[in-house]
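Each of the two complexes below includes chain A, the first together with chain B, the second together with chain C.
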Partner chain A sequence: MAVFIDLLLNALVIGILLGGFYAALAIGLSITFGLLDVVNIAHPTMLVLGAFIAFLLNSTLGIDPILAGVIATPFFFILGWLIYQVYYNVFEKSGAESLRGLAFFFGLLFIIEVGLVIQFGVDHRLVEAPYIGESWNIIIGEEIDVAIPFRLLVAFVVASIATLAIRAYLTKTFFGRAVRAVAQDMMALRLMGVDPIRVKRIAFAMGVATAGVGGALMIIVLPIEPSLGRLYLGNVFAIVVLGGLGSISGTLLAAVIIGVAESIVATFFGPSWAPAVSFGILLAVLAFRPEGLFGKTAGAH
Partner chain B sequence: MKYKFEIICLLLIVGLFALTQIVGNQFYFFIGFVILQYMVMAIAWNVLGGYGGYVNFGSAGFLATGAYTAVALINFLDVGLVEQMIAGGIIAGLLGLATGYLTLRLRGVYFAIATLALAIILETIVAHWDYVGGAAGTSILPKRKPELLGELIVDRKEGIFGNYKEFLFFLMGTVAIICVWISRYIENSKLGRGLNAIKDSEEAAECMGVPTMRLKLIATAISGGMMGVAGAPLASYLTFIDPLSAFNLEYAINAIAMPMIGGTVSWAGPVIGALLLGTAQQVSSLWIQSELNLLIVGVVLVVFVIIAPEGIIGWFRKSRKGSAR
Partner chain C sequence: MTRNLTNRVRVWLVAGLFAASVVLSGSFATTAQAQNKDPIKIGFSMALTGALAGGGQQSLLAMQIWAEDINKKGGLIGRPVELVFYDDQTNPKNVPGIYSKLIDIDKVDLIVSGYGTNLIAPAMPIAIEREMVFMGLFGMDNNSKWKYEKYFQILPAGPNPAVGFSQYWFEAVESLKPKTIAVIAADAEFAQNLKKGAVTNAEKMGLEIVYEQNYNPKTADFTPILRAANAKKPDVIYIASYPNGSAGLVRALAEVGTDAKAVGGGMVGLQFSGLMAGLGPMLNGISNYDFFVPEPTMDLYPGAGDLIARYQAKVKADSLKVDALGYYLVPWSYAYVDILGQAVNAVGSLDQDAIAAYIAKTKFTTVVGDVKFGPNGEWDQSRTLVVQYQDIKNNDLSQFAQPGTRKILLPGDIKTGDLQTFGSLRK
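For the complex of A and B:
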């Protein structure tokens, strides 16, 4: 019994930490897909790109991965800016975003992933930092102790700060409120004298910019390889849809739910089943509760 | 003449058969099979994506369903290739129906994401299913002296085909031609026009009395079924199967890129796209690495989506319109 409680407790703690980390991966998509309705399926692959940039800066210059992520952020902001510029002019303006817009992002996903394979190969890469590899043991009772790996703790803390900062920005500032207004009524915004396209462009760039720090966290938590993006696709979309489109708090909570579910399955059934968890939850949510746990409807309209 | 197209199809099948008897170099059948398989995938994708506007990112999942249905059947009953393909088509078609039933009530985006999810879930399941080889894969030995309707099919001396590569090439070619016929038929039928209406505006179609849900489900089932048929001979072709080769990303990207490049509005689009892109990939794979090859496919896809929304067919139509003026 003690063994079971020990396992369960560890799985729960790891799951919650993992959830915070997932929130940092999903927050960008929560902005681009949830608020702006741009289905950026290349987002997880951009995170992997961010992770490789962190790897490059860490292995060549010895820069701390999180600092490397911060350095990469402006680059991703510009990348997002450019992508939205193309996306708006070619697809959104003519109303062709559903079929061709999706194919466009799928193509981007593919180009980034294969480009990384060509540049770095398919080997797993990792970074070096003082907090990687250490862990913190909390002894609770006889045969029961909880081990908290520092790399997960660091990822959790950084992710929480970043997510809460974005949430505060979107709810407290004028521009943040304009972004949320775009999601609700573009016409009204235009009547108020705000250019909705400009707001969308900046917000989209912000969403993509999260790939800098998010990617750095990714390589801190686990060794990375180029095809990881497609694996995380299930996670981030499950989180954004489960959390209710456009709800940042919902995204946070959904991330913790997915993290705990994955961690428990990995502990009791083996880690190779973990990918099926988030995708399974995603399918179930789409089939039975497409509006998510706390959000506006994602249904047909 | 009323049945002109059907006669051309039959002639093409006869032509394929003649090729297997005349051409001696097996290499052509080896790469021809792959191009034809891509063609079936592209046509299948276009039935739902091009006509109805619903994007399937999980094409590899449906193909792998066909492939693993065949593997399970070989292990269980030791049946022939044609039966494997029929079974693979049925199972993948049912899978398409189920996926469609669960997610087609929502916006198209969710269907697209769900198909991606489906492919990953299936891959995880197959990797744990030891009966069909699990994550390590399993080798498949083709049946010796297979018979169909009492005729010896593959045998070096007495069979209709000298070896398996020729037989597989002929089978896939026949399937491709049948799929061309089906997609052309759908395009001109009530189903195709209904799907087109859905693509333009689902709400308007619904209001006009188009049974949108039923049409979408039929299209998903047909599309999935075709992909399953294309996947069933994969294990026999490779004489080995593992999740990596069956769920290969190449299938997912090519199934989308080929119709997009050829043109999604007509049956000829995916055929042209598959012939061009498939041949280019097979030929260039002789001297450049396969990753670079895939990168080129990705770039070509993005470029075409941006500058040529109607694909190659659109170009031709535009230039014809221009000269008529």
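For the complex of A and C:
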């Protein structure tokens, strides 16, 4: 029994922490895809770019990866700003964003990936930090030992702070409310004298800017190589959809649900079932709540 | 003005996408020496991006060094050699299309495989259908079902590779007198073949298998898997993993720990420079397979040391973004094309039947010593090493170029160290 409780507690703790990490990967997409309807399929690859920047600053200057991620954030904000400018002028303005816009982000994904291959090569990269490879053990009684890997704890704490900060920004500030208004009714916003394109541009840049810290968390948790983004493409979209399009806290909760489900299944039923269960949850939720866990119903838009 | 700007942006975008697609589809033919005769084209797919690219890139460079060498000597049957290759992106789905293109459009004369079991498997039916000689690079038991007589592969795992590959690891851990074992394997062709062999060896040794699970390649964190395995209290843990999983499990071992006395066996990727340097001291205690390590007893491959030195010099001189050391694949990638070349020269033509018959009956002298193929085109004897990571002090790559960090436990005649329990080598 003690062994079972030990495994269960560990699976729950790891699952919640892993969920925080998944949230960090998905949060930017929750803004760009969830709120703004821009299908940025290059987002996971931008995270990999963020991870390589963290690697570069860590391996050459010895900067902590999280700090490196913070340093890279303004760069990603500008990158996002420029990308949206091109996307709007070339595709969205003429109403050609659906298929050609998708092709644009697909192309962007490849350009970033090839750029990374040329600059860094294809080897797996890791970073050094005092909290990688160490864990915090909470011992209860004689047989229960909950090990919390520091790298996952750091990822969880940073991801939670980032998610809550973005949520607060979008709900409490004027500009944040304008972003949500853009998602609901662009025309109404225009009538209020606000330039919806400017709002969307800044919001898109914010979504892309999360790739700075998100990428740093990625390289803390996993070894990275340029094509890694493609592996997590399905997962991050699944989390955003599960959480409900446009809901930031829904994304965090969905990420934690997926993390806990994967961890419990990997512990008790075998790791090969973990992805099937995650996508099973997504299908089940969509069957009963097509708008996702925290999404607004279609009528509200 | 806006319209013009938009059009200009469009042109640039299209140009950018076109450039990217050209780079990605990557037809990079090596420049053969200027000779008047038509070159002999050798076609293959290679993992130049994706999870196995760390191996694929070093293989390609080794093959290019071979092509340079052979062209300097006058080529094959008096014709220069040209390598024609495409990036399979470590994605088996890309492989059949690549080989069809190589044979039908590029009209290559000879084909060899890309790196790794998962990328060899989808090319097998095409090679068989076209009745071409097919040289395999690190294939794990790819031919056991096909039994194709023109397939020969260079992974030195012996005539029964799935079992032969892990045989020495089980012999090495026998000294610890284990009774129980946990087996963790990636959900992929290579790892599954390896797992089957490991289970056979475990049963032969009378070990009780207390945990046997596969993991998905997308797994982000391996601590739950290791915990579940630890809960069954195995004496040893056999792992058959690909690079992402290998790194994830090594980190999980550092964080969660284990009471198992030996851990490792079939972990791909721990031989790559990037992962060795990145994981550093976390590797201490892991016992794993390998094929070539810089230990003093490795002089049984007299040509390999010189080849690796040339490879390393080339990487440094041209600032190439490939594996800086190249121990893992360089000698073998050079050897598998070299064997094909030796056979073509000996036969004096490109007759596939004659080349295959010659390879099947001949003992070749190569940079990896003498090579003789047995049934199913596998080696007639196993030369897989079991090494243990010891005395790794930091994340400096140069220590892995020195003897002592990967001690050879088996085969006995080239042994440089004894197996120590996993726990005794951890901090």
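As a convention for this text, the second predicted complex is superposed on the first by the 263 of 301 C-alpha atoms of A that agree within 3 Å, B and C clash if a C-alpha of one lies under 4 Å from a C-alpha of the other, contacts with A are read in each partner's own complex, and residues count from 1 in each chain.
Here is the rule we use: a contact is a pair of C-beta atoms (placed from the backbone, for glycine too) under 8 Å apart; a residue touches a chain by one contact, two chains touch by 3 or more.
Every value quoted in this text rests on a predicted model; they were computed, and no experiment measured them.
Comparing chain C and chain B on the residues of chain A they touch gives the larger count to C. Of the two partner chains placed around the shared chain by superposition, neither chain B nor chain C is touched by A:Thr60. Contacts of A:Ile111 after superposition on the shared chain: both chain B and chain C are touched.
In the superposed model, A:Leu102 makes contact with chain B only, not with chain C.
When the two structures are aligned on the shared chain, A:Leu282 is found in touch with chain B, with no touch to chain C.
Of the two partner chains placed by the overlay, only chain C lies in contact with A:Ser263; chain B stays clear of it. By the touch criterion defined above, A:Val39 reaches chain B but does not reach chain C. Contacts of A:Pro290 after superposition: chain B is touched, whereas chain C is not reached.
In the superposition on chain A, A:Val90 makes contact with both chain B and chain C. In the superposition on chain A, contact of A:Leu233 is made with chain B only, not with chain C.
Comparing the two complexes, residues 86, 90, 103-104, 107, 110-111, 114, 117-118, 227, 231, 272, 275 of chain A contact chain B in one case and chain C in the other. Residues of chain A that touch chain C in their complex: 3, 6-7, 10-11, 14-15, 18, 21-22, 86, 89-90, 103-104, 107, 110-111, 113-114, 117-128, 132-135, 147, 149, 151-152, 221-223, 225-227, 231-232, 235, 262-264, 266-268, 270-272, 274-275.
By the touch rule above, chain A contacts chain B in their complex via residues 39, 41, 86, 90, 96, 98-100, 102-104, 106-108, 110-111, 114-115, 117-118, 227, 230-231, 233-234, 237, 241, 272-273, 275-276, 279-280, 282-283, 286-287, 290, 298-301. Those residues of chain B that touch chain A in the shared complex are 49, 53, 55, 57, 102-103, 105-110, 112-114, 116-118, 120-121, 124-125, 127-128, 135, 199, 202, 249, 253, 256-257, 260, 264, 289, 291-292, 294-295, 297-299, 301-302, 305-306, 309.
Per the touch definition, chain C reaches chain A in the complex via residues 2, 5-6, 9-10, 13, 16-17, 20-21, 23-24, 48-51, 53-54, 56-57, 89-90, 187, 213-221, 223-225, 227-228, 231, 243-244, 247-248, 251-252, 254-257, 269, 272-275, 278-279, 282, 320-323, 395.
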